[in-house]
Every structure is written in structure tokens, then in C-alpha cells.
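Heads up, the next two complexes both have subunit A, just with different partners, subunit B and then subunit C.
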Partner chain A sequence: MKSWKYPALWLTVGVVLAGGLIPVITGSKIMRESMFLILMAVTMASSLNILLGYAGYVSFGHIVFFGLGGYVGFYLIAEQGWNLIPAALAGGLASGVLALLLGIALLRLRGAYFALATIGINEAMRTFINNFNLFGGPIGMELNFIVYQDYGGAANMQWLTYWLMFGVTIIAVLMSYGVKFSRFGLGLMSIREDEDAAMAMGIHTPKVKTMAYILSAILPGIIGVIFFFRNSSVQPAGAFRLHRSIEMIVMVMLGGQGTVQGPLVGAALYEALRSYLLTSPLFKDLQLAIAGVLLLLIILFVPSGVIGWLRHRFKGLWRVLE
Partner chain B sequence: MTTSRMQDNIILQVQNVSKRFGGLLAVSEVTFDLPKGQILGLIGPNGAGKTTLFNVINGVYTPTEGQITFRGTDISGWKPYDVVGLGLARTHQIVRPLNDLTVLENVMAGACYGHESHSLTEAEVIALEVMEFVGLHERRNLLAASLNVAQKKRLEMARALASRPYLLLLDEVLAGLNPTEIAEMVEVVLKIREQGVSIFIIEHVMHALMNVSDRIIVLDYGQLIAEGTPDEIVDNPKVIEAYLGDPALAEKLMSGS
Partner chain C sequence: MEQLFASLADGLLIGFVYGLAAMGLTLIFGVMDVINLGHGPIIALGMFGVFFFAGSTGWGLNPYLALVIVAVLGLIFGMIMYFVAVHRVLNAPHLSSLLSTFSVNMMIIGVGTALFTTSPRNLEFSLGSLQLGPVNLLGTRVMAALIAVLVTAVLYVFLYRTQPGKAIRAVANNRDAAELMGIPSTKMLALSFGLGTMLAAIAGGLIATFFSFNILAGGVYELKSFVIVVLGGLGNPTGALIGGLILGAMEGVVPTFMPVSWVPVIEFVLFVVILLVRPTGLLGGR
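Right, the complex of A and B next:
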């Protein structure tokens, strides 16, 4: 692969690298905390985009993969004494397996029916975990702070998890790009445009859709583990928040569904907006209402999102904006 | 011995195929063969079950009864993507371009997932070749949505051809085209046959169909009512009665205008 021929890839990776390195260079802990959340949002949005943007399937319950992966990994660390990295991989694997099983069952459904079913899954999983004693039931699980000693103490652990999140985000962006410009990605986009035609063209739609679902579930599972490990506790209500799913959709739509840079831009913008709203005395209770209005406005006026709009407006930028 | 040699020359064999939707028998015990390298025409009044028969053959619907054999394999009840994998491609009566993708990407998707399943790079080579063949080359970088009807029909054809089929099902590729476009399209169809691809074609533009088909079969109310060469079909009183109804129209048809 002649990399210099792909300006969009370099721009995207460059932006993530630059953003992720700001806290490292400045050493600012406040900046590190906000950047951690932004990187997490970018990973979630880029993962969701594989299903939502490329294949055209809306998953309203995507947070279930974050929650389940987080729970599985957290359990392995807290109760089984695993190291963070294998536990994070196990969390990703658990989410991938869940997506495989759900994909086989649910991806027969199309459009709104699939979207509705995904809400059901998230709620069902939360109820299940609530009653699952191995994972602590409604109380959840907590991490003994002594565990952080293995990672050089709590302060060091925070930098370590930051670097891990940074790495996962870069993988997410590379995956997003790689899928889009692959044979597999072309199959997904064919499904998005016309699923019946795609079938008649020889695309094994159930297999391709399930693969996309799995790919979109793995990284959320991994970052779930990193997030809850860093938090030192996990509860059902925090792990399976339905509104986080909707915020993920807003991010993808805001930046531009089906583009590589869209989820990046959308996640950064939305996180910035969210932290402003949450800290502003006037709007702090209205954050979700504003997200809803934002989604409505995007769908009505800029359905292709920021990147899609820019691509349309400035044709000269086509090779840079993907 | 003779039977097996005959079998070898038959690319598609449809035996006693029926398709029922609740109380409606859309296709009723249809049997015919399509010999390799031929163009077989399919005509019939609106609602006769022509497109349903196509849908049963390419796997959109499972036949209620009967057997479909393609190149010696029983494909009855297979899914469309598996059927394409064996080398049987189709176009749609109502064109279904992948609107937000370019013409090139549309055709490449056909090549990627078709009978030969190629990588992206190989698919691009095939797509460029096929687009040259059907006359879409200059529009390759446009979005499929921006094509006109005639070009979209060509795109359907290019996408199907890119899958490198042995047999191509063409569902009204001439409908909605003007006379010049029809003449161009007929030429493309004949060129496809020259490449050794067998063709099964539904068409309402009669004189064009009469010119390209080796044989024609006629459906009416889901039943096969006639089969023969174009000349035999136009002279068949059953066809004239059931399909054309009006004798004046029949005369017009026979004069080829």
C-alpha cells in the first residue's frame, strides 16, 4: 500500500495523534480526563458507524456491547485476578460473541424492526445483569484499590489507561478506514443502498451484516473494560444507559454517517457540547433534550453531516475528506 | 447416452414449477428447457407471472412445487446470493442502482461478489471492461443516482455481466427506452450472446424480442400456453387469443412494426 496516496487516512490518523498527544505533552490532568472521554466517544462512534453508516442499520442499543464487555472484563480483573490487558481483550471477545448470536437472530429484521429489537436487547441485558449474582446483581462490583499497585499506583494507572484508550482509538479509526475501502465495505454499502439488489448481486447479506455487527461490537467491549477499570466500580445502571446509545447515533449523524472522519468530528463536537452543557448552570438538566433537538435538525437539514456537507460543498476536498 | 448428452446442452431446466401466494397461483406447473448459448424470450400479458417466474429461478422466492436445475445442479429454494455464485445473474424490471455509489463502484460490487468473487483490484479491471462493453465507460465516476433511465438499465446489465454469468435473466431491459436506445440495447444483448452467455429475456417490446430470440415461451395466468420459434408464436392462435386478444393488434405484431 502506497500510503502517501491516501491523504484522507493521514489526515484522520494525524488528527487523532495530535489530539491524543496534547495531554501527554502538556501533562495536564484536566485535559487528559476530557480527552479520555473524547477518545472513548470517537471509538464508540467509529464502531457504530460500521453498522449505521456503512451498512445502513440503526442500532439503538449499541451501548449493550460497552456494558457487557465492561462487565465481563471487570469481573475477570476484580474476581479472577486477571491483568487489565487480557481482561480487556476478553471483554471485546464477549461483546463480539454477543453480536454474533444477536446478528444471527436479529439481522433477519430490516429497518425500524431491527432498531426496535436492539432497544429490547439493551433493556433485557440490564435486567439480566441486575439479577445475575455472579456479577454482583443490582449493586454491581467494586475494585479493591490494592489492585492498582500492580499498575504502578492509581496515578500511574490513569496514564496507563489513557494510553490504552488512545491506542484503541487509533485502531478504531484505522478499522473504519480499512473497512470502508475494502471489498467487504463495498458489500456493506451495497446493502445500505438496496438490500434486495445486493442479494441478487451475490452478496451473502446475512453473513456480511453479521460480520459488520461483530466488528462494530468488539471495540466498545474493550473500552468498556478500560473505562470501568479506571472507574474502579461497575453498576447495571451505569453500564447500560440507553441514552448513551442515542448520543452515539447523534455523534455519527452530526459528523457524517458513512464517512471515516464523520464519527471523529461528530464525537469531538458532541463531547465538547456535552461538557459545556453539563457544567453550564442554565442547561445542565437539558443536555439530552438538546441532543434530541440536534438530531432532529441534522436529519432535517444536513442528513449527510458535517463531513458529508463539506464534501458536497467543496468538491476539491474529496480526496482529503472521506 | 443420448439423454446425458442432451442434459449437457441444457443450461437451465425448469420442471413443473409452481409458485402460490395464498390463494393465488402465480406460476402453475411450468416446464421448459433453455439450451446453452440460446436466447429464450418470455412473453405474456401483465400479471401473467413472468417476473414471478424470474424470482423463483433466481431464488427471491422458493418454488411451491417443482424443480429448477442450473448446469446440472438442483437450485430450487436456493438464496439469490448462492444462485449468483453458480453463474446465474439477473437484472430488475424496476432498476435498482446503488444510488449513493458511483457507477464504477456499482459494477465493481457485481464483480466482487459474483460467480468468480474477485478482489477489489481485479474487480476494477473487470468493471472497466464491462462498462466499455455496455457503453457506460464515460460515466464511470458519476453517482448512479444521476443516470437517466436508459443508462440505469445499462448499469443493471453491466452489474449482472460483471459477475461473469453463464446465464443472464433480463427483465424488461427495453421498457421505457426510445427507439434509438432500444436498437443500441438489442445490439448489446446480441453481443452478450456472442460471448457465449445464454439469455432468458422478458420483454414487451415485441418486434425487438422477435428479432433476438431463438425461441419464445408464453405465459398466461401463470400457465405455459405456447412454446416455439418467433414465427410459430406469432401464428399460434392460442397466443393471439390469450395474449393479444385483439386480432388487429395481432396483425400489427406480425407485420413487425
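Right, the complex of A and C next:
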């Protein structure tokens, strides 16, 4: 691929690189913590965007992949003594397999039925893990801090997990771009526009949709492991919080669904706004309500998101903004 | 065996209330194809409404009188919500209406948490109990079931025997055709949205008479409503009531032979399986 011909790709990767390197250059730990959350949000939103933005399927329970992957990886580290990296890959694999199984079954449903079913899957998984003694039931699992010695102590571990998250985010953005401009991505977008027509044009829609579902599940599984490893504990309520799923959708919507840079912009804006509201004494208690008002305003007045709006407003930017 | 009967009867009584809440959700879906994700917080508002009008720290009215006020407020709230959050996205893809109703959910929870905190509330209220053979039933639950049945009956009379009720059904059937027949479809849509939230608020108010609650309590009943609605078929009010009874009976009976924490697992697995195998619900035809 002659990548230099694609300014949008360079802009996107450049922004992620620049953002991700700020804490490394300044060495600021506070900056690192907030950037960690932003990178995580970008990965989640970009992954979800493959299903939501490209294929037009609304997954309301996408957090199930984050939670399940995180649980599987955490179990392997805490109980089986695995190293973080193979455990993270195993977490991604577990999420991918779950998506494969769910994809075969669920993707026959369309519209609201699919959205409802994904909520059901997340709740079924959360209540099941709550009863699953191998994973610690309702109490969850904790990591013995001695484990961090293998990664050069707790301070070093935090930088290590930061770099891992950084790497995963770059993969997420590249994947998001790669999918959009592939034959596969075009297939997804034709499904979004009209699934029956896509089928008539010879697209094997069940296979393509399941592929998209799997792709959108793997990275959330991996970062689930990184996140819970860094947190040193995991509980069912924190891992499968339906609210987080919807925040992911809000990020995608805010930035612009179906665009590569949308989830990036949306995730960064949303995380920045949330941390501002959480720390401001005036809005602290009303944080959720303000986010709700913002969400409603976007849906009613800017349904195509920031990137979509810019593309529409300034036609000259079409090559740069994708 | 007696234990089983007692828990079954208890479950069925609560099942009527679940059914009522689910009916609100299914009515809105049936008329305008919108899944109201603000359903849970509206149930919670119903609880707080009864607490405010009937609680010892509030006006101290009779809870069932308070319920009437809550019903009226629920209707008005729903109509306002329709015009603010739903009307503009009615013809947009599903995602828009799901998110716009969810934004109302966030607003209610956000403001509610700031005003009431999340500490549990309790309505000090009792109607004694009723002894039927070996089965002992709490008065408040019997009353709640009776009210749920009454509200359902009134809803049916309204939908099938009155002019606005028929207009709502016409709009549900075919909005354009109804419009051509001179039915003001926007008003009817707002009214049916208001009726849906009204049912949710009444269900919440009834629940408040026998369970403790906080502002987040509606979420559980919202998820239960989803399960019930799918059991009975999306958009089918009778199905919702029967689905509510099935769920209530399950919640009563299942804990007698396995740990109570497995109940939600069974509920949600059932939910997903029914969506896959019979998306039209157990009662639904084609």
C-alpha cells in the first residue's frame, strides 16, 4: 500500500503518537494516568466503531468483551502464574471466540432486537461470573503485589502497561483504517446501507458480519487484561458495567460514527470532559446529567459527529479527515 | 410443598407489578418502534414520587392516593420527554432513539443522585397480611397486584373502546394512513409515550410500598422489563402481563431448589435464547 498517498492515515497515527508520547517526554505521572485512560477509550471506541460505524449494528453490551477478556487474562496471571503478555493475548483470544459464537447466533437479529440481545448477553455474563467460583464469584480476584516484582516493581509495571496500551491503541487505529479501505470494509458499509441489497450483490453477509464482530471484540479483550492487571483486582460489577458500554457508543457518536478519526476525537473529548466535570467542585455531582444533556444535543443536532460535521462543512478537508 | 406454594404465590403477586412495568415499555415499542432506555429511572422516579407524597418526611398522604398523583405526573413527564428527546429522532436509525432515551436516563440518574444520594429509602407502610390456607400473603403485595390488574383493564378499555385509544392503535398500525384519516399522529404518539412512562411510574410506586429503594433501583426493573417484554413479544401488552407472571413465578420457585443468585443468570439466558429462537415472543404469531 502506498501509504504516503494517504494523508488521513498519517494524520491519525501522528496524533496518536504525539498524544501517547507526551507523558513519556514530560515524565509526568498524572499525565500518564489520564493518557492511559484516553488511550484505552480510543481503543474501545475504535473497536466498537468497526461494528457500529461500519456495519451499522448497535452493540449495547460491548463491554462484555472487555470484562470477559480481562477476567480470563487476570485468572491466568493471578492463579496460573502466566506472564502478562501471553495472558493478554489469551484474553483477546477468549473475547474473539466468544464473539465468534455470539456472532453466529446473534447477528441474524437486526436493529433493536440485536441491541437488546447484546444487553442480555452482558447481563447473563455478569450474573454468571457472579456465581462462578473459579473466578472468585461476587468478590472477584486480587493480585498479590509480589507478582509485580517480575516486572521490575510496581512503578516499572505502570510504565510497562502504559507502553502496552499505547501499542494496542496504535494497532486499533491502524486496524480501523485498514478495515475501512479494504474490500471487507466496503462489504460492511454496504450492509450498513442496505443489508438485503448487499446480500443480493453477492456479499456473504453472515460471514462478513461475524468477522467484524470478532475484530471488534479482540482488542477490548486484550486491554481488559492490561487494565485489570494494572488495577490489581477485578470484580464482576466493575468488569461488566453496562454504563461503560454506552459511554463507548457516546464516544463513537461524538466523534462521528463510521469514520476512522471519529472514535479518536470522540474518546479524547469525552474523557477530557469527564475528568474536568469530575474534578470541578461545581459540576462534580451533576457529571452524569451534564454528559446526558451533551449526548442528547449531539443526537438531535449533530448526528454525524465532529468529524462528520467538519467533512460536511469544509469539503477541502475530505482527503485529510476520514 | 407448602413453602413452594407460598413462594409461588408471592412471586405471582410481584409478577403482576413486573408485568405492569413491562407493559409501559412494550406499549411505547409497539406504537413507535422505540425502546425506551429511560424506563428504569422513570420507575425510580415513581418510587420517589410515592415516597415524597406518602412518606413520613413528605406530605404523609395515603400511598394509593399518592399513586394517583404519581400517575398523572408520569403521564406529563412522558409527554414532555417525547417532545424533547424522541420526536426528532423517530425516523432516524434505531441507534438515535436508543441513545436519546438513554440520555434522559443519564439526566435523571445524575440529578437524582445529586438530590437524593444513593442511600436506600423505605416507605413505612403496612396493610397487614392475608391468610389463605397455608399461604400467608402480605397485604401491600395483594393490593399491588390488584391495582396492576385494574390499571391493565383500564388501559384495555381505553385502547379498544375510546376514540383516542383507537387513534393510538391506528397510529401504531400505520402512521401515514392514520395521518391521512385526520388523526393528529404527533399528539397520539406523545400521548402513548406518556402512557408508557405512566405505567412505569405506577409500577415503581407500587414497588415502593413493599421494597426499599434508591435512585438506581429502577435499573433492575428495567432489565426485568426487557426480559418480560421479550418473553411476551415486543409490542404486545397482554404478552407483557403474562411474561411478568412467568418471571414472577420463576423468581418465586427457582430459589427453593437452587441458590437465589442463579435466578438472574437463568433470566438472562432465557432472554437471549427466546430472542434467538422466537423473537416474536412465546405468545407472538408471525
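By definition in this document, the second predicted complex is superposed on the first by the 322 of 322 C-alpha atoms of A that agree within 3 Å, B and C clash if a C-alpha of one lies under 4 Å from a C-alpha of the other, contacts with A are read in each partner's own complex, and residues count from 1 in each chain.
Just so it is clear, contacts are C-beta pairs under 8 Å (C-beta built on N, C-alpha and C of every residue); 3 or more make two chains touch, one makes a residue touch a chain.
Given the structure is predicted, the values throughout are model-derived calculations rather than measurements.
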* Put the two structures on top of each other at subunit A: do subunit B and subunit C fit, or clash? -> fit
* Touching A:127, do we find subunit B (first), subunit C (second), both, or neither? -> second
* Which of the two partners, first being subunit B and second being subunit C, lies in contact with A:22: first, second, both, or neither? -> neither
* Report for A:106: first if it touches subunit B alone, second if subunit C alone, otherwise both or neither. => second
* Asked: Of the partners subunit B and subunit C, which touch A:300 in the superposed model: first, second, both, neither?
  -> second
* Pick one for A:139: touches subunit B only (first), subunit C only (second), both, or neither. => neither
* Using the superposed model, measure off the angle between the directions from the CA centre of subunit A to subunit B and to subunit C, in steps of 10°. => 80
* Asked: If you stack the two complexes on chain A, which partner ends up touching A:155: first (subunit B), second (subunit C), both, or neither?
  -> neither
* After the two structures are laid over each other on chain A, how near do the C-alpha atoms of subunit B and subunit C get, in Å? -> 10
* **subunit A to subunit C touching residues, read off their complex** => 52, 56, 58, 60, 105-106, 108-109, 111-113, 115-117, 119-121, 123-124, 127-128, 130-131, 138, 246, 249-250, 253, 257, 285-293, 295-296, 299-300, 303
* **List of subunit C residues in touch with subunit A within their complex** => 29, 33, 35, 84-85, 88-89, 92-96, 98-100, 102-107, 109-111, 113-114, 223, 226-227, 230, 234, 259, 261-262, 264-265, 268-269, 271-272, 275-276, 279
* Sort out for me which residues of subunit B touch subunit A in the complex. => 58, 60, 79-82, 84-85, 89-90, 92, 96-101, 105, 108-110, 112-115, 117, 119-120, 123, 159-160, 163
* Structure fact -> Per the touch rule, the subunit A residues reaching subunit B in their complex are 181-183, 186-187, 189-190, 192-194, 196-205, 258
